[in-house]
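I am attaching a structure below and will ask some questions about it afterwards.
A, B, C, D, E and F are the chain letters, set down in written order, and residue numbers restart from 1 in every chain.
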Amino acid sequence: MRRIIVINPNSTQAVTQEIDRAVEPLRLLEGPAIECVTLKDGPPGIESQLDADKVILPLSNYIRSRESDGNAFVIACFGDPGLHSARQVTAKPVFGIGECAMATALTRADRFGIISILQDAIGRHRRTVRAAGLESRFAGDLAIDVGIQGLGDEAMVLERMIGVGNRLRKDFDAGVLIMGCAGMARHREPLEKATGLPVIEPTHAAVTMALGAILIPQ
Amino acid sequence: MRRIIVINPNSTQAVTQEIDRAVEPLRLLEGPAIECVTLKDGPPGIESQLDADKVILPLSNYIRSRESDGNAFVIACFGDPGLHSARQVTAKPVFGIGECAMATALTRADRFGIISILQDAIGRHRRTVRAAGLESRFAGDLAIDVGIQGLGDEAMVLERMIGVGNRLRKDFDAGVLIMGCAGMARHREPLEKATGLPVIEPTHAAVTMALGAILIPQ
Amino acid sequence: MRRIIVINPNSTQAVTQEIDRAVEPLRLLEGPAIECVTLKDGPPGIESQLDADKVILPLSNYIRSRESDGNAFVIACFGDPGLHSARQVTAKPVFGIGECAMATALTRADRFGIISILQDAIGRHRRTVRAAGLESRFAGDLAIDVGIQGLGDEAMVLERMIGVGNRLRKDFDAGVLIMGCAGMARHREPLEKATGLPVIEPTHAAVTMALGAILIPQ
Amino acid sequence: MRRIIVINPNSTQAVTQEIDRAVEPLRLLEGPAIECVTLKDGPPGIESQLDADKVILPLSNYIRSRESDGNAFVIACFGDPGLHSARQVTAKPVFGIGECAMATALTRADRFGIISILQDAIGRHRRTVRAAGLESRFAGDLAIDVGIQGLGDEAMVLERMIGVGNRLRKDFDAGVLIMGCAGMARHREPLEKATGLPVIEPTHAAVTMALGAILIPQ
Amino acid sequence: MRRIIVINPNSTQAVTQEIDRAVEPLRLLEGPAIECVTLKDGPPGIESQLDADKVILPLSNYIRSRESDGNAFVIACFGDPGLHSARQVTAKPVFGIGECAMATALTRADRFGIISILQDAIGRHRRTVRAAGLESRFAGDLAIDVGIQGLGDEAMVLERMIGVGNRLRKDFDAGVLIMGCAGMARHREPLEKATGLPVIEPTHAAVTMALGAILIPQ
Amino acid sequence: MRRIIVINPNSTQAVTQEIDRAVEPLRLLEGPAIECVTLKDGPPGIESQLDADKVILPLSNYIRSRESDGNAFVIACFGDPGLHSARQVTAKPVFGIGECAMATALTRADRFGIISILQDAIGRHRRTVRAAGLESRFAGDLAIDVGIQGLGDEAMVLERMIGVGNRLRKDFDAGVLIMGCAGMARHREPLEKATGLPVIEPTHAAVTMALGAILIPQ
């Protein structure tokens, strides 16, 4: 049976569960298995470049150890840590959720806005957008400024996401929104309804790409 | 049952059949139906900007007439004719195969090369790449220069595609190839093997995106 | 006698008259005739991508039918509908007023601002600017938000244009203004005086280009 | 009577005569006078950045001295020396032939190629293209490598221009050619015929722009 | 003994003294001499494009006259007047302080903001940034709007610089600040402390580059 | 005494010695000490993205351990591994030699070419150039294709560098060359002489920047 392995590079099991929820609709009879795993060696959350860089080796090692099991791999952290290293340790396709979210957004509207959790992420995201050569489709990036401990307050998180999403639509002319973080799937639909814009959940976008890479005409 | 409607805007039934073949692997139990239709009012082939512009109205009319049947629409011509008009006549997502092929290619390598059928298409493709804001990921576009009547000679077509694909890899530093035309699915796998690069079949890429838009976490 | 044929692709005769007024100063003894015509098959106004796409075939047919009469053609709608198709049906030069207005603006100041009629046009214009590769000279695009029926209230239209023009100058650092619509010639001079910036009337810009293409050193 | 003053910033009278020939077709009854003058203080030819910079002050002084006579000024050297300074000393519009040639080329084809006289000019032209923000419409720049003394051999000059023009078309995919030097008007038409591409003579392009700026709807 | 010659192209001796102060920390035992000179033929201040263009010839002449004395030259005006001409009259490296300040800023943060003295300079700086191909690293440019006579009021100047610097950090997301004018060295450190961002003094940046060009491994 | 700490992230002592040679001319009486160290935990050479990612943690740890000793840090590997993480663990400025080499090259000519050791590095370098926003100043990147064991054959290495450097000058129009690898200082001067272009040794460029950051006006 074909298998897509989705790796949450932080060690927080609750995030992996939310990732699992994001990809559940893509599990179809006859389709590939979609396995969501937690990287045990990861930090509780990836909140800085150093956090991101720290998971590269464990991630690459994990992917190497699963090479024969997986038909495609997904790195489920928006900063795509270790994406290019991972592609070096396996011949199977490896997808980064940040890259896939942006690519998917291009097919839904002229310009995408990113909703970040923390202000600090915005600089990293801008480098990512520029490295991807997608600056001219990038409307802007705004943070909800909620720390990890605050993410449990779902009503508040959603409210801030809606606020930020509406600002991206009105003041930055975004036509599609990207959730700039894994593990936020439950907020996708209400955010779409409240802003009137399509909302891309990044792990879902990447697993969709992985499906396409596996279910390919021979 | 959910349904993706793929419209071949030229009237050549054989092309629709080849499109059908491209998307066959994406038909899964429990997944959306994927219906490939031929636009009766289209020209036999779309070989110029005027051909492309001519199909916009019939395409929009067709999509409007199927609005209640389809959960997503795909315009299966690489030039994405009428994409923005189509998005105006339906609230359902509409995907262009050119746009989706380029977006998908971004997730597989640093720079994409396009294999065109006719030399004349290259100028149109370049405008499309620029309008998409993807110039810095674009390696180049080369034509196999085979007219519609010549496309039946499959061995020759594949041989030229391989020649052009290898030039895009070696001389233009392309890391992924896009087939710049619908209806070429049968050549995808041999082309991939002969060039050593991933090859994107554009209708397949667009239907994958459509699946993602439909099989979405609520 | 040489002749420039200017086609108003909407069927509103009053717009054609205003276009005629725009180009009147370019009618010179010994110079080419400048004929302004209304496309009978066009919609009353072009307010959407679908409206724009609908006129492409009638426009191309009209140009083909006048091939032997005209030394140059001008498509007098800011979105340049059918420009590339039109260039395919005639060997004579064809000019789009949007393209010519932007090109002309480049010669007057560092960055141009566009004054649109409707908010909806802004997204289309942004795609046009990007497809033209002119993003780094583009200051911004603001709408006066007046529907077709409101355009008769000239004082109000001018007042809003001045308001928007001044915002483009002060907040967006535009050094030249483009009227993002045909048929506004009467407001050009007062707008220039009120904002202190050169104002480009797009049909006038295109007919100037057409003059240059005809009155050429042999 | 309205007047466009075209200034040849080099002191070679023969170049001014050839400039005069370029703009002759734009002299129309009822149209503005077009006066071509030689800047006495200029060097015999402008072949380097230092040559270009040397003429800025005399040019500005000359324009200031003619302020009340001229309705528009044209600086007839492809490098547009002193364009921004000139705009500071007069409220009348000032056009640079390099800028106007590129702007005009945008309205004729997707990408322009430049034919330079000397290899050394190419670096300066590239800075100019980049400063103009027109890199994505720029196909390439090739030199005919003929020194000032060689320019008298017209047959050889034309032959090299055709050779370079054809290379720009075939190898660089240029759709329109720009003569990257004033004083070459006599070669325009044969070059157009031999290459099959429209050819922009830069002073002619700038005087056309100046006509548009003067013959303006009030 | 090796020597870097820093030329203040305006004739104001006080500015040269402040430039001298900027480079004093780079004078090291065994290191090159750093000589700061005033261009006698320059205007009291360079406040416009015409002022800038006026100094090109005297600057080039001065550099030529010192060719045998200097191992490197620095043009100490932020607009880098005559940089390309100067490079033509000497084989020694010539540095412009604007260019060097931007290059240095790239190594300190993702995006640089420029603090200008006068509003009028902003347009010139934007052309410079675009010509340098550095638009995507450019956060913004704001002026303190103090005329030459006001620059003596140091407390006010510093206060405005801090205000503008903080706006560039907060509203424009600048990560490093560039002083867009020579002769402001005394404000560098307090500005850095007040804004929390690294501040580049442009003449210091250029002399550092010149040191690197001289103290080179053989 | 002030101190710049230059870290060779590979464990090959001979490379550190060559780095030391590169920076020797920047050691001046009264200037900062320049200490070149070998990262013990690094691989023998950094030849892939995975190699580069592997050194990030040891590098960050090392920098943290030397925080109080160093006034500035230099990461002496052309790919700038861990640069953003390193900036997070210390408040002292951290310089990457790739970034500094490109920034320095901007001040010497219009476009820079990169000489790489291995073909594989070119893709990584292209991502780096794009992430730096410097595409429009980038002429090209060519490899000498010599493995680590071959680098000992100095005559052959220099000969290939000269060959590649001359191709970058002639065919890619590079005006300055960057050595795309640390530890090549001995070839800098002969390469400069043989190609006629300035050649940037990257560690030297970064230490120059570090000097500027330390020897700063207060």
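One rule holds for everything that comes next: a contact is a pair of C-beta atoms (placed from the backbone, for glycine too) under 8 Å apart; a residue touches a chain by one contact, two chains touch by 3 or more.
No experiment lies behind these values; they were computed from the predicted model shown.
Asker: Among all other chains, pick the one whose mean CA position is farthest from the mean CA position of chain F.
Answerer: Result for max centroid distance from chain F is chain C.
Asker: Compared with chain B, which chain's mean CA position is the farthest off?
Answerer: E
Asker: Please work out the Cα centroid separation of chain C and chain F, and write it as a whole number of Å.
Answerer: 52
Asker: Round to the nearest whole Å and give the separation of the Cα centres of chain C and chain E.
Answerer: Each chain reduced to its C-alpha mean, chain C and chain E end up 43 Å apart.
Asker: Going by the touch rule set out above, which residues of chain F reach two or more other chains?
Answerer: 127, 130, 133, 135-136
Asker: Under the stated touch criterion, can you name all the chain pairs that qualify?
Answerer: A-B, A-C, A-E, A-F, B-C, B-D, B-F, C-D, C-E, D-E, D-F, E-F
Asker: Give the list of chain E residues in touch with chain C in this complex.
Answerer: Contact set of chain E toward chain C: 122-123, 126-127, 130, 135.
Asker: Quick one: in the complex, what on chain F touches chain A?
Answerer: 48-50, 53-54, 56-57, 60, 82, 84-85, 88-89, 124, 127, 130-131, 133
Asker: Going by the contact rule at the top, pick out the chain D residues touching chain B in the complex.
Answerer: Per the touch definition, chain D meets chain B at residues 110-111, 136, 173, 175.
Asker: Which residues, counting only chain A, touch chain B once they are in their complex?
Answerer: 21-26, 28-31, 93, 95-96, 99-100, 102-104, 106-108, 132-137, 185-186, 188-189, 198, 201, 204-206, 208-209, 211-213, 215-218
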